[in-house]
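Sharing a structure with you now.
Labels run A, B, C, D, E and F following the written order; every chain starts at residue 1.
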Amino acid sequence: MSAEDGDTPGVIKRFLFVNRKAPYGTIYALEALEVVLISAAFDQDVSLAFLDDGVYQVLAGNDPSGIGMKNFSPTYRALDDYDITKLYVERESLQERGLPEDGFVVPVSVVSRAEMAAIMSQQDVVLSF
Amino acid sequence: MSAEDGDTPGVIKRFLFVNRKAPYGTIYALEALEVVLISAAFDQDVSLAFLDDGVYQVLAGNDPSGIGMKNFSPTYRALDDYDITKLYVERESLQERGLPEDGFVVPVSVVSRAEMAAIMSQQDVVLSF
Amino acid sequence: MLHTVNKSPFASPTLTQCVGHLTDGAAVLLIEDAVVGATEGTASGALLAKCLKTHPVYVLRPDLMARGIGEGRLVKGVQCVDYAGFVTLVTEHDAVQSWL
Amino acid sequence: MLHTVNKSPFASPTLTQCVGHLTDGAAVLLIEDAVVGATEGTASGALLAKCLKTHPVYVLRPDLMARGIGEGRLVKGVQCVDYAGFVTLVTEHDAVQSWL
Amino acid sequence: MKIGILVNEGPYTHQASDSAYQFAVAALKAGHKVTRVFFYHDGVYNGSSLTEPPRDDRLIVERWGKLAAQYEVDLVVCVAAALRRGIREQNLAEGFRISGLGQLVEAGIQNDRLVVFGD
Amino acid sequence: MKIGILVNEGPYTHQASDSAYQFAVAALKAGHKVTRVFFYHDGVYNGSSLTEPPRDDRLIVERWGKLAAQYEVDLVVCVAAALRRGIREQNLAEGFRISGLGQLVEAGIQNDRLVVFGD
């Protein structure tokens, strides 16, 4: 498929990709990222939400070499090249996990649960993995 | 395979099948039951533990016709024919789910968490699904 | 927004998280293993009773029947729907968020 | 008995249930997504700190590294092992119970 | 109304595929159009031509194919997810086609609703 | 010591197969015998000959086969679980064999330890 396939002129929808699972234990985080990258070709209004264990996806310092897997953290840094810059991380999820509000592999906006709820409510299409 | 394959004379191990997942939402309960039935042919000392959402597996009254699946509750009643009679249901799991200590599809022993822990500690082989 | 939850609240914090993210006009639909969470006398049932003051809560009846739970055991105010009702809920809300 | 847990305690009550079923001589090994539960300043960390008074708790280091968690952030007393250590734990206990 | 569906889990193991199917049938009966069902993650296993459940069980793969034929539903298996899991043209069931992730994004754009079923 | 392993999940989707593999390698290196790895539930997908992950990814199916050949590990895919999920002789990878659930019970009886990896 190419970007042209998806170019329905005039239609720009708000897409939210909801990430709630830890990386490496399952493949959802990696395959969700693959969809996000493809969505860039369709000129939509794309946002990514990281909450619950999804916050571990964007932490810096992952090293899965010991479990024989590839580190896919660098791919998050490629999102900026595709003009995907709305990455939201939920503050309450960080706090529950004893994590600080910095040390991410990409620039993210840390938002409250109420703000995250508002972001979710504004979407046209919500993709959960 | 036949019962003969597994007949290592003199070896009788304590097998515990641990069931912690609800039926129908996933296939684990059904496929675990298939292993239990096969284990009967090997003349081992078999016990079944139902705790957490596993307690829903042995409740009477399941009717999955509306979701197009087959009701496999009657299979639990067949266990008795194979001399598999040690079925333990954890009391605390029932209480947390607002369930009474009766109304099961087969005869079970309702045990406390401490008793369940003691049962688990006595096993040679623990199969979790 | 229609929010669907498919996991048992006894096995996952997903229902709690979903309820914590509801905004005006949102509704909750419990399907698959999540339906057990709507039973009275449970922590999740209490959570839903509170949620019902501001948001409608639905349970998919075929999934409830599959798990042997009678409608009479549900928290008061929770409404049962079949798959046709699921479809109606999807069309009546502007979008659907599945909490997986 | 060696008890292994592979789920994040933030996504599942499995670790709590496992700890509630330990008997004399039992040990706990956290693998896969469960390793995040051993970090200090969390509810699961506090649970494990209490558990450590009576039972050893281990974390699989390769899984910890994969999730970007430094050993310095673990609850004091939790021991890191690699896969060889996992094997040793399995052989040193009379049986293994995987909490899936 | 035009509806798209995403299925993230394989047949039999998780209820996701069953729920998606029952939902699709109800939507079609209500007069809506289910334009596409996209199979991602383990959902690609729904497109295997080799499944053979016990005789008294439902035929998940076949019934998707029949529904697609009857109502012109586009059943798309994600190529990347499928290759990783051993689903290719040679073991692809009737009624399914293999294509790229763009088809999922497109389903989000072109339908009035996108409903996700998974684990 | 003789060790048996049960794998309940498919390759790539869950870490279970990876963890089981790394554990098996470590056990063999320590001089133990891994007599059998039994694949049940979605674990049967580990025996698919058709998986093709991206070039820079690990080859889960192949490395099981190689390990089995090097150390004489019996890789058994459960027949009932496999039929339900579309794994048959025609798409069974090298090094694996299809057999009944009795092989799992037997692995529990005949080994000193049985270690389960799943979801």
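Quick note on the criterion: contacts are C-beta pairs under 8 Å (C-beta built on N, C-alpha and C of every residue); 3 or more make two chains touch, one makes a residue touch a chain.
Just so it is clear, the structure is predicted and the values come from calculations on it, not from any experiment.
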Shortest path length from chain B to chain D (each step joins two touching chains): 1
From chain B, the most remote chain by mean C-alpha position: A
Identity of the chain that, by mean CA position, is farthest from chain D: E
Centroid spacing, where centroids are CA-atom means, of chain C and chain D in whole angstrom: 33
Chain C and chain E: spacing of chain centres that average the CA atoms, whole Å: 24
Shared-contact residues (touching 2 or more other chains) in chain E: 8, 12-13, 15, 19, 22, 41, 57, 80, 114, 116, 118
Residues within chain B bordering two or more other chains: 24-27, 52, 67, 69, 124-126, 128-129
Shared-contact residues (touching 2 or more other chains) in chain C: 6, 10-11, 13, 32-33, 62, 82, 95-96, 98, 100
Chain pairs in mutual contact under the definition given at the outset: A-C, A-D, A-E, A-F, B-C, B-D, B-E, B-F, C-D, C-E, D-F, E-F
Chain B partner contacts - residues on chain C that touch it in the complex: 6-8, 10-11, 32-33, 36, 39-43, 45, 61-63, 65-68, 70, 73, 82
Chain D-touching residues of chain A, taken from the complex the two chains share: 21-26, 52-53, 56, 59-67, 69, 96-98
Touching residues (chain side chain A, partner chain F) in the complex: 24-27, 67-70
Residue ranges of chain F in contact with chain D within the complex: 1, 3, 8, 15-16, 19, 22-23, 25-27, 29-30, 32, 112-119
Complex contacts: residues of chain D adjacent to chain C: 10-13
